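Pasting the structures here.
Shared between the two complexes below is chain A, which has chain B as its partner in the first and chain C in the second.
Let's turn to the complex of A and B:
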């Protein structure tokens, strides 16, 4: 009897998990389906069966260059992630293993910068970029994306590092390991799942960031978010083409996420069960 | 060997000089059919001007407006040519943000520009932007449904006729909406239509002392007419419908009438996109009995050069090319006369080939000639602009009032409440902005 109840519970839980996953994934699935429809089909109403045309992809490719924004997205997402890690690993290390009375306040202050609406600093940042010649440059945008995501990276790494027993680091120190060796040879290998998932999440966040990437770029450094935005039209609803452009823009990150899902899940649940 | 090395060096230096000499113009634009066509045809320009290269930044209309406003206000210098509306041109020109277009070339023929359009781009006798295409508003209607219902569109239709016709069409064809009108909130969406409608009822946004006029009977009459008409004969969910949504509805045969921008005429009459292409008639924007006013809707997308541009000469060269008569002929040759950008030059409307290919040419010209943005309504006003008010505050205020009026169409608010709310908001905004 008890087993029957457990099995039933399991079935219900599995079904619920699938349902929730499907609901979350549906907008992406529908975007992909719509990209294979003709424009009248796309507007006609909800239908899960497209006519299977590739004309939107051809049209999108002929109308705009995909390669340059794609490369810009790759460079900025990866670049900002590396930069953020260089800053965040030592920061999180010091806060996790040498906390002071103010550590919690510092962490909260870092996170509070995410609570401010981005548009509030648009004009000052625009002026700084103008004066330093960083407008419409990959370097400028990489710096901004690093700063935008840094609080989250520090927080995540701090949470992971806190799960590592300080005694192990102490033991390494007693064996004569320098600070550098301690971080590189002892801490980092133990925190790899955490660092990997932080990296992946940061790449995803940087890839999808649209406020700054659209506003601080023009032609040279515009990434895939600007590529999608360029297909929105004041004259006519081009949902199928817009869907094709969106599919092209999210495909690389979706594929990356698919292949790294094990690491991502492992990292995100790291330390969740004690 | 030495000579060869020197020659090679010289060639490289020459190539580098040529490369370094090439100027790159960054052009900000919107993603609509005419602009995309222009991007495809720029080979003609770069062939004639090998020392100029073009880079395009295409954005959604509102994002574009925000981007170029930020850039021009901070003198960011990211763009050499900007696509802006005739709402922005006089405001920006007065701020000193735009360069005067004074070297468009001898053969540009600036006098050929339609006077109404040119007037909207001129400040203190100087031209600050060149029109790429222009539009007014008119009625597009289904001739087959009109015939079936025994209706005949008058030369100068009145709102009461439009109301009756819309309800009759809806009654005779339950699956067709009698009329489709904009309901989606936004200063350039529902407020464009509502402002033009109210102009034709004799109402105005502000009196000569900049006092908001939503408490006047003309506004109540116009808004009541609009709300009742949409309730009786409009599409369901009309409060979310803007230009694009109504265009799609009309093309799919779901609207008996549609009153909107004249530029839509080429889309609804194109058999590739429209299921009703052969059954579309056109008529002047309606007026109210006893009020000689057809809304005065006038819009143009224009090309302008931001002040402080380092590439002003090349930018003007490009603008002259894109808005010239030669460009019109280039489009006609490559894509047909029906696809040339409309509403900017008198000569286009005298061209027999165009008139033959575009059945909407004459009604479009008539609509544009009927529009006078300097006297948009019956009583005098302190502003210019037909379906908008050309003051910087209008973007924010127009959108807020648009949201209030959109809720009337959604059935969430009454006409009286909406007008009272609009009056309060407008009074506050105008006071805050220092008008009174």
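Let's turn to the complex of A and C:
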């Protein structure tokens, strides 16, 4: 009897999980389907069967330059991630291994910046960017993306480093390792998986960031997010082309995510699930 | 060589005094066990000797040399941790070789020493494995191997067996004792398990709330505990204590008698009681007897005691094995 209940529960849970996954996935699927429709088809109403045209992709590639925003996205996502790691690794390190009374407060304060609506600092930031000539530059946006994601990067790394048992570091000290040797031979190899998954997540976050990228860029530094948004223009809303551009924009990150999903899941559930 | 001397060693964390002030002499080649309940400061004391904690005041010297201010690596000691603290990303070989690499020993020498240690500890077949692929006992051996290769002047063990199951604990206990005989190096061993202390030690240091309650050989502590704490802590099952009229009869505030020094009879004796729970171990039986004068008392009888629960019995102490304590808790002469 108990077994029957468990089996039924399992079936229901599985079905529910599939349903939820499908609901989450549906917008992406519909974007892909729409990208293969003609513009009249796209606005005609909900239909899951496209006519199968490739003209949107051709147009996105030829009429508008896809490569430039793509490269901007790559440079900014990777650049901001590297910058964030350079700052966050030592920060998280010191907080994890030599915490002070105020460490928790600092961590909370960092996180609190994520609770503030971004639009609250839009005007001052815009003015600073305008006056320093950072508007529509890759450098400017890379800095913003670094700062926007820094709290999350520090938090993730902090949780990772905290999981490295202190006794192992003490063992290294007993074994005669200098601080440098301790970092090179013991700490870094143990921290690499954590740093790697933090890096992956940050690249995804930076790639998808659209509030600042759309507002602080025009043509030169516009990444893929701004590129997609440009299809909703004063000339009209081009659903099919917008969908084709969106598909092209999410494809690289989707592929990266697919190949690194094991690392990502481990990174996101670290400390919670063992 | 590995003679360790602690002089007026004190450790405080903020306003919390962990170790008030300790003087202790550990002879070269001795197997010393620090034993005491959780939080008594035994691990802190070991970590002070290791150099993993700084002393607040006092001096620690090894072979006559003051090492109080020296970092752990320069004290010439090796430590085995409770969690084994192996490097998870390195093979067994590299784990054992690590201290030698840090000491810049040449490769051929490292190889020879690692293989010799692996041989001693039956690890030769596992040298290429990672710690994650080993059982608890094997991991513990790797940790010991890592300590051996350095040829330290003393080994420090911090509750090394508490993560192992009972059967393996027994085996490892024996292995560590054999290792001590073979190497004849000073070993300091921390445990809360008084059985480990009794079976392994040349000298036991009983700690309570950061203070040394008594130092002595296992049998000295068993035979003549200095105070109530040591009397109650050393010996298994625990010593029975009686106060009031029963103690006054012996000119003491408290008297103590070990379960194995009580005779049980159905005819007559000093204290009358009723048999409660009986724990049958096969070779021995522990009888818990509810007495009128001493409350619940434990009696150890050899073999299978043929007594039923609820049966009336009389207990009598072996007179020369009776421990008498004064009002201050100290043993009376």
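We adopt the following convention: the second predicted complex is superposed on the first by the 245 of 274 C-alpha atoms of A that agree within 3 Å, B and C clash if a C-alpha of one lies under 4 Å from a C-alpha of the other, contacts with A are read in each partner's own complex, and residues count from 1 in each chain.
Following the convention adopted for this analysis, a contact is a pair of C-beta atoms (placed from the backbone, for glycine too) under 8 Å apart; a residue touches a chain by one contact, two chains touch by 3 or more.
Just so we're clear, the structure is a prediction, and the values are computed from it rather than from any experiment.
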- Answer with first, second, both or neither: which of chain B and chain C does A:130 touch in the superposed model? first
- Between chain B (first) and chain C (second), which does A:55 come into contact with in this model arrangement: first, second, both, or neither? neither
- Message: Once chain A of both complexes is superposed, is A:168 in touch with chain B (first), chain C (second), both, or neither?
- Response: second
- Query: Does the superposition put A:41 against chain B (first), chain C (second), both, or neither?
  - Reply: neither
- Looking at chain A, does chain B or chain C touch a larger number of its residues? B
- Item | On chain A, the residue positions that both chain B and chain C contact, one per complex | none
- Task: Would you pull the chain A residues touching chain C in the complex into a rising list?
- Result: 165, 167-168, 170-178, 181, 185-186, 189-190
- Touching residues on chain B, where the partner in the complex is chain A: 26, 28, 30-33, 36, 55-61, 63, 66-67, 70-71, 74-79, 243-245, 247-248, 252, 263, 267, 273
- Message: Taking the touch rule as given, give the residues of chain C at its contact with chain A in the complex, in rising order.
- Response: 50, 52, 71-73, 77-79, 81-83, 85-89, 98-99, 102-103, 146, 150
- Message: Residue numbers of chain A touching chain B in their complex, please.
- Response: 40, 43, 63-64, 122-123, 126-127, 129-130, 135-136, 214-215, 218-220, 222, 226, 229-237
